[in-house]
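Chains here go by letter, A, B, C and D, matching the order in which they are written, and residues are numbered from 1 within each.
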Amino acid sequence: MLTAENTQEWMNKFYLKIEQNKDYLSELDTPIGDGDHGNNMMRGVEGVKQGLAQLQDPDLKTVLKTIAMGLISKVGGASGPLYGTAFLEMAKKSSDTQDINQLIDVALAGIKKRGGATEGDKTMIDVWSPVAQNDTITQQVIDDAIASTKDMLARKGRASYLGERSIGHLDPGAVSSGYLFTALLETEGTL
Amino acid sequence: MLTAENTQEWMNKFYLKIEQNKDYLSELDTPIGDGDHGNNMMRGVEGVKQGLAQLQDPDLKTVLKTIAMGLISKVGGASGPLYGTAFLEMAKKSSDTQDINQLIDVALAGIKKRGGATEGDKTMIDVWSPVAQNDTITQQVIDDAIASTKDMLARKGRASYLGERSIGHLDPGAVSSGYLFTALLETEGTL
Amino acid sequence: MKKLGIILVSHVPEVAQGLPKLLIQAGPDISLTDAGGTNDNDIGTSMEKILAAIEENEASELLAFYDIGSSKMNLELAIDMSDKNVHLYDTAFIEGAYTAAALIQADASLSEIEEQLAPLKIK
Amino acid sequence: MKKLGIILVSHVPEVAQGLPKLLIQAGPDISLTDAGGTNDNDIGTSMEKILAAIEENEASELLAFYDIGSSKMNLELAIDMSDKNVHLYDTAFIEGAYTAAALIQADASLSEIEEQLAPLKIK
């Protein structure tokens, strides 16, 4: 169950993973994109950190909205409005429920609507969707989902310009989404 | 019959007509284009004048080529490469013949090739083509040709972006081509 | 000033700022606003810049054009946050925007414009 | 440096100069040259500038992209005057050039690239 407190802890852990893997994310974005995903996400989690630091005893909805706005205004690439929409949808839904599975469901729906992509298009959706479908999120589910993007042909995002040549590479947004969910797994009380 | 001398005189007369009608040509280019045809042509004939002034006792081919290069490098709009190609083709053909009708024929073919337009597309071709078809060029032929562009729907050039809305306006390049042929009519010995 | 305005969104600040110079020739009476690059003026797009371009535009009904895919998502977010009526087109960026400018200037209706934009849809 | 280069022709100097900043992200190893505006840097195109962009390009086989119709004619004149092998595409300008950059960087063949460019043809 998400609370204002554990969600902030979740974001701290996500921040550290992005910081540690920034270069790897940009490397993944090089052959099938523009090589900036690591820098984009780093700016994004920096924005989230700054936004959250300014809140005084916030409720969950405010925390989720602040995360969304930090990502939307700092990332600068496609992943900004996508992750941002995911957290905006969670914020809206958080009035009804704090259940993580239900919140991930609405987040996934938001990502799909925002980017017009679906499962199998070689995007972050290919991690969000298996995570949403499994009642219990495990590292195995996350890792398998990330790995599944390797053989996919990209139909959305910059990698889609490469057509067949996009096959054989992991999707960078799938990998960063994997860090988000691993950070969630590592945050006590969220699941 | 074109000669080095009367071709230069022709260009002097063309210069004066463009100078006098610069604003009118730009006005014609305003509702169905970008409003620069008069300025473009003025820069073009200025370039031609400067180029010709530098020649010492040139032959016809050199005169025609110099006209072409002046137009190509100074006009800056679609009419530059089109008029330029017309005079380049005349220059090439002038080794075989100095007959104005034959030279206009190759010029017209060059304009068609360069711009991919044909009769009825509401371009300068709709003046060049009737002039080429008539054995004797008269002011009546020229004026009727210009007027015929009014009711045409543009299929090439900037006016084509307007679709149906291009109907009801004279084509600016047709009007400037009219000046070119009127100047020719007024140049003794060319016909 | 025409009833319909245009907003231009590019990943590159120079492209967004330069394009109005072409469009203004065909549409001198159109309100044209642009958003280019990230908040730091790097290559990318910024929802805030796009929202500002929507709000600054003097027209209340806008036609929006963008360069590559990711600009679209920030555009949609900005559209969601604005009260203005913004129509988003998946056409060739420059060519679509030029066509719209020429037609708005000639007082074409939105449906006439959309008809001419249809063959330019490539995204 | 890749075997295939790209040349970009726009009516607007800022657009021609800005676009390589987007393409270089997808194709850092591609020789990109551009020609924007008239000889006086007004809105329009210049055959001389285009010819210079062709000659300056480090690749011997080039893919050329342009914004609106009249640039094409100056491009063709310049191509006629150069010894280089230049392929001219009637695609959406920015989107076509971006696609080509991504594919050249990935070592796609010219025919593969042309296959991906085909649906972007709008002129």
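To be clear about the criterion, contacts are C-beta pairs under 8 Å (C-beta built on N, C-alpha and C of every residue); 3 or more make two chains touch, one makes a residue touch a chain.
This one's a predicted model, so the numbers in the text were calculated from it and none came from an experiment.
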Between A-C and B-C, the pair joined by more C-beta contacts: A-C
Subunit C and subunit D, separation of their C-alpha mean positions in angstrom: 23
Between subunit B and subunit C, the Cα-mean centres are separated in Å by 36
What's the distance between the Cα centroids of subunit B and subunit D, rounded to whole Å? 29
Multi-partner residues of subunit B (each touching 2 or more other chains): 34, 36, 158
Quick check: what residues of subunit D touch more than one other chain, meaning two or more? 25, 43, 68, 98
Taking chains as nodes and touches as edges, what kind of graph is this: line, ring, star, complete or other? other
Chains touching one another, given as label pairs in label order: A-C, A-D, B-C, B-D, C-D
Okay, in this complex, where on subunit C does subunit A touch? 38-40, 42-48, 68-70, 73-74, 76-77
Note: in the complex, subunit C contacts subunit D through residues 10-15, 17-19, 21-22, 25, 43, 67-68, 91-95, 98, 119-120, 122-123
Residue numbers of subunit A touching subunit D in their complex, please. 31, 33-36, 158, 161-165
Which residues of subunit C touch subunit B once you look at their complex with the stated criterion? 25-26, 28, 98-99, 102-103, 106, 108, 112, 115-116
Contacts from subunit A onto subunit C in the complex sit at residues 34, 36, 40, 72-74, 76-78, 80-82, 84-85, 114-115, 156-158, 160
